[in-house]
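Got a structure here, written out as structure tokens. Questions coming.
Chains: A, B, C and D, in written order; residue numbering restarts at 1 for each.
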Amino acid sequence: MATTQNTDVSADTNGNSENYDHLVQSADPEHPANLIPEMCRKFYNWGWVTGTGGGTSIRRGEHIFIAPSGVQKELIQSHNLFVLQYPTPKYPPSARKYIRKPLDLKPSACTPLFLAAFDRGAGCCIHTHSQWAVLVTLLVERELGKEGYFEISNIEQIKGIPRGKGKGYLDYHDTLKIPIIENTPYEEDLTEGLEKAMDANPDAYAVLVRRHGIYVWGETPAKAKTQCESLDYLFQLAVEMHKLGLPWDINRK
Amino acid sequence: MATTQNTDVSADTNGNSENYDHLVQSADPEHPANLIPEMCRKFYNWGWVTGTGGGTSIRRGEHIFIAPSGVQKELIQSHNLFVLQYPTPKYPPSARKYIRKPLDLKPSACTPLFLAAFDRGAGCCIHTHSQWAVLVTLLVERELGKEGYFEISNIEQIKGIPRGKGKGYLDYHDTLKIPIIENTPYEEDLTEGLEKAMDANPDAYAVLVRRHGIYVWGETPAKAKTQCESLDYLFQLAVEMHKLGLPWDINRK
Amino acid sequence: MATTQNTDVSADTNGNSENYDHLVQSADPEHPANLIPEMCRKFYNWGWVTGTGGGTSIRRGEHIFIAPSGVQKELIQSHNLFVLQYPTPKYPPSARKYIRKPLDLKPSACTPLFLAAFDRGAGCCIHTHSQWAVLVTLLVERELGKEGYFEISNIEQIKGIPRGKGKGYLDYHDTLKIPIIENTPYEEDLTEGLEKAMDANPDAYAVLVRRHGIYVWGETPAKAKTQCESLDYLFQLAVEMHKLGLPWDINRK
Amino acid sequence: MATTQNTDVSADTNGNSENYDHLVQSADPEHPANLIPEMCRKFYNWGWVTGTGGGTSIRRGEHIFIAPSGVQKELIQSHNLFVLQYPTPKYPPSARKYIRKPLDLKPSACTPLFLAAFDRGAGCCIHTHSQWAVLVTLLVERELGKEGYFEISNIEQIKGIPRGKGKGYLDYHDTLKIPIIENTPYEEDLTEGLEKAMDANPDAYAVLVRRHGIYVWGETPAKAKTQCESLDYLFQLAVEMHKLGLPWDINRK
């Protein structure tokens, strides 16, 4: 419920004392400074980010905009956002630094996970604690044990998920496979597992985290959001199918 | 998240270079250019068209207004709509042409399916990916196999569905029968199955698509929308009844 | 989606040609002309009156305000309301007449049922097609057969329901009993069953209708609405309890 | 639906006849007079306080602001709030007195329960009738009998709950334990049980009430609200896990 607009740029190792508020001021509704608050309000209403859970980040050129940690997601305002300088993937990680840090807020623990997606070409990355996502990770664990995949086929909404970069979208008869990684006590420690899953599944646009939620990314904010919606639709449908004794993947046999 | 208002009318084989933006500008809230965005926002909130799924189309005289493909349905604005010239059913399909095509958007793959409804007298056609619709198609398939019907009786809400053109509405004791067709990899390929089901069930105002969703139409936008709501109510109720071991159609025995 | 403000008072057997629009024009948010549209919007969002189902009526002195039949409940506006002259219960029914009838709309088929509640002192009566209400009528029917009651006890929310006129509210350990009547093909034919149930259960503020929904009334609009909310909460809880094998009424044994 | 702004300060034993309306007038959205109505609207939309159930209270210095009893929670306005003088925990309870009492409203029966939380350092206390909270108390009762705890572990959202004052937040592998007390016929009679549970579980920030709901408190309004959201998320997840046969606490064996 922070309302102060003070920003601390002391993390800027260049000693740059400039005020970076202009980075989060725009009349364009498509600007990340406006889009992140609007998206977070919708995610709150779907129950994905209640209790300060989850997070959202958008890349715009060399700037990464990130929702802060531990705040009420439906109340985020533009001036609450962190901005990270992110020259391009070819620069070393040391070139990355916060150029806007609201003094009264903490940066998101999801930041290294968002960067893992940006390093692989994403323009937006969304993290939710969706209950449907958590439930499918539990159902898969009981059936298949650790390190499995959530798999579903022959449901129209699968067509909302890309087949991989530049490969178009999945077909109706394809099996959608979402990797599941094990949760860790600290969010930032998920990075290794997430990057490993990303590298092992270079065509994936999402990774489920057991007993935790999901990371979804896309080339644009609109793609990340709609892919997140399509996946959540499929997870909820899968839980209901399980209750009704209906198999998820009729390609399997 | 397209905001440009540019339109491409190059599809107009008459070489007509007129700007057709006036077709989607109206102060009347009942005008299709205003009604489609408002309806899509509601459908999004019911979870029927998340992830860019689903679509809506309204006929007004010789003009068909259609929501574009692949966009966030809750964000559609009037200037995003396609307009198709649709002289009357007696003209050959070749007389149909887009007279307004937003340059940055794709026409809906549902278009031939919407036209199938307009050819049979509809004034509005709605396509949703409702999870309840998908689940009832799966439950019917398991019990009855392919090409069945969803049937339910003795539920008050059935009275919200017409018995057929000019025949009034179903009675409480009637059995509501909604045909189910098989899904196809490409949405446009559903047209044949949909038209076949429409012709075999001339009194139906809706066709379920297995593992996909539903097409609902009506004489007016209000009728199509409220029939869609009544059917979705019945599908959700039917899924809950199944979980509780309650039969859908007590007329059957 | 009617927007015309024309009213037909030809039903006024006094030949009174006065325009009665002033009856539905008020700046007071508590006036029935403003309260009914606001309440209907909320009921729509709870899923109680989708597909034009359900209805709401408020008595204010000698005037009964009634939402019209067959319209989208979330879009009702003040000028869509019917107004019935209702001198007092001691006058014969012939003294009742519409003094405001929107020309383009049909009066609600629930009207005689609403009047049954007003005849017994209600100030507001609400009719919903709540799926939870329908499901509990089905569960009771399977267990107990026709003409039973929905009974639940030892749930805090029971305390939101009055024990009867001037008798305060139910206690936590009491058993709430809601009569269930059988549905009829025509809504108005429910009147006899509803009145019989009202007279047999003079302390009841609600009657469930099998496979249909519920009628709830109260001394004021606020009481009717909050009692309707409390009952719906209990019905949804009861359905979930049934799924989990938890008994509704621990007073029974 | 009370709109009068009259306040009765006759309870002020000092004979102070001052008008205390200024206590509930502020342009600051973070002021309790604005925050309580906003929070109650959200709680209504989550289904936590329908039917006038539940309540919310915020402490600001020596003033306790409390939502009134028996009103529609989504309609509460600043001028409907009660204000209690609350010098500090070291003063005797006799030092506590209402300094603002809206004449047309009743003080909340939850008041002594809210004070129990404020006496232990809380800045805000929330009471909901969440159905998920009620259902987990019933499931625990069936398995473990009276006076048990709700326990869950290895779910990420657990990390939204503090480990105790000044002890940080729970870890992912910890078991969250929420005490459950038995319900009583009168809300105020819960005070003894609640205080006993608070003293026996000094690190708890919430107590479940069997067949009734939950009391959640926190150091600030934002913490109380987000902890309430996290707990409700966990209760809903736990009910769904139970339906799917998934154990809540894998630390147990």
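The rule is simple: a residue touches a chain if its C-beta (ideal position, glycine included) is under 8 Å from a C-beta of that chain, and two chains touch if they have at least 3 such contacts.
All values derive from a computational prediction rather than experimental measurement.
Colleague: Tell me which chain's centre, taken as the mean of its C-alpha atoms, is farthest from subunit D.
Modeller: B
Colleague: Taking the mean of the CA coordinates per chain, how far is subunit B from subunit D in Å?
Modeller: 45
Colleague: Any idea how many Å lie between the Cα centroids of subunit A and subunit D?
Modeller: 32
Colleague: By residue number and range, which residues of subunit B touch two or more other chains?
Modeller: 243
Colleague: Make each chain a node and each touching pair an edge, then name the shape: line, ring, star, complete, other.
Modeller: Shape = ring; chains linked end to end, path closes on itself.
Colleague: Once the touch criterion is applied, which pairs of chains come out as touching?
Modeller: A-B, A-D, B-C, C-D
Colleague: Provide the residue numbers of subunit B that touch subunit A in the complex, in ascending order.
Modeller: Going through subunit B, the ones touching subunit A are 1, 3, 47, 50-53, 71-72, 129, 131, 134-135, 138-139, 142, 183-185, 209, 211-213, 239, 242-243.
Colleague: Touching subunit D in the complex: which residues of subunit C?
Modeller: Subunit C reaches subunit D through residues 29-30, 154-157, 160, 171-173, 220-222, 225-227, 229-230, 232-233, 236-237, 240-241, 243-244, 246.
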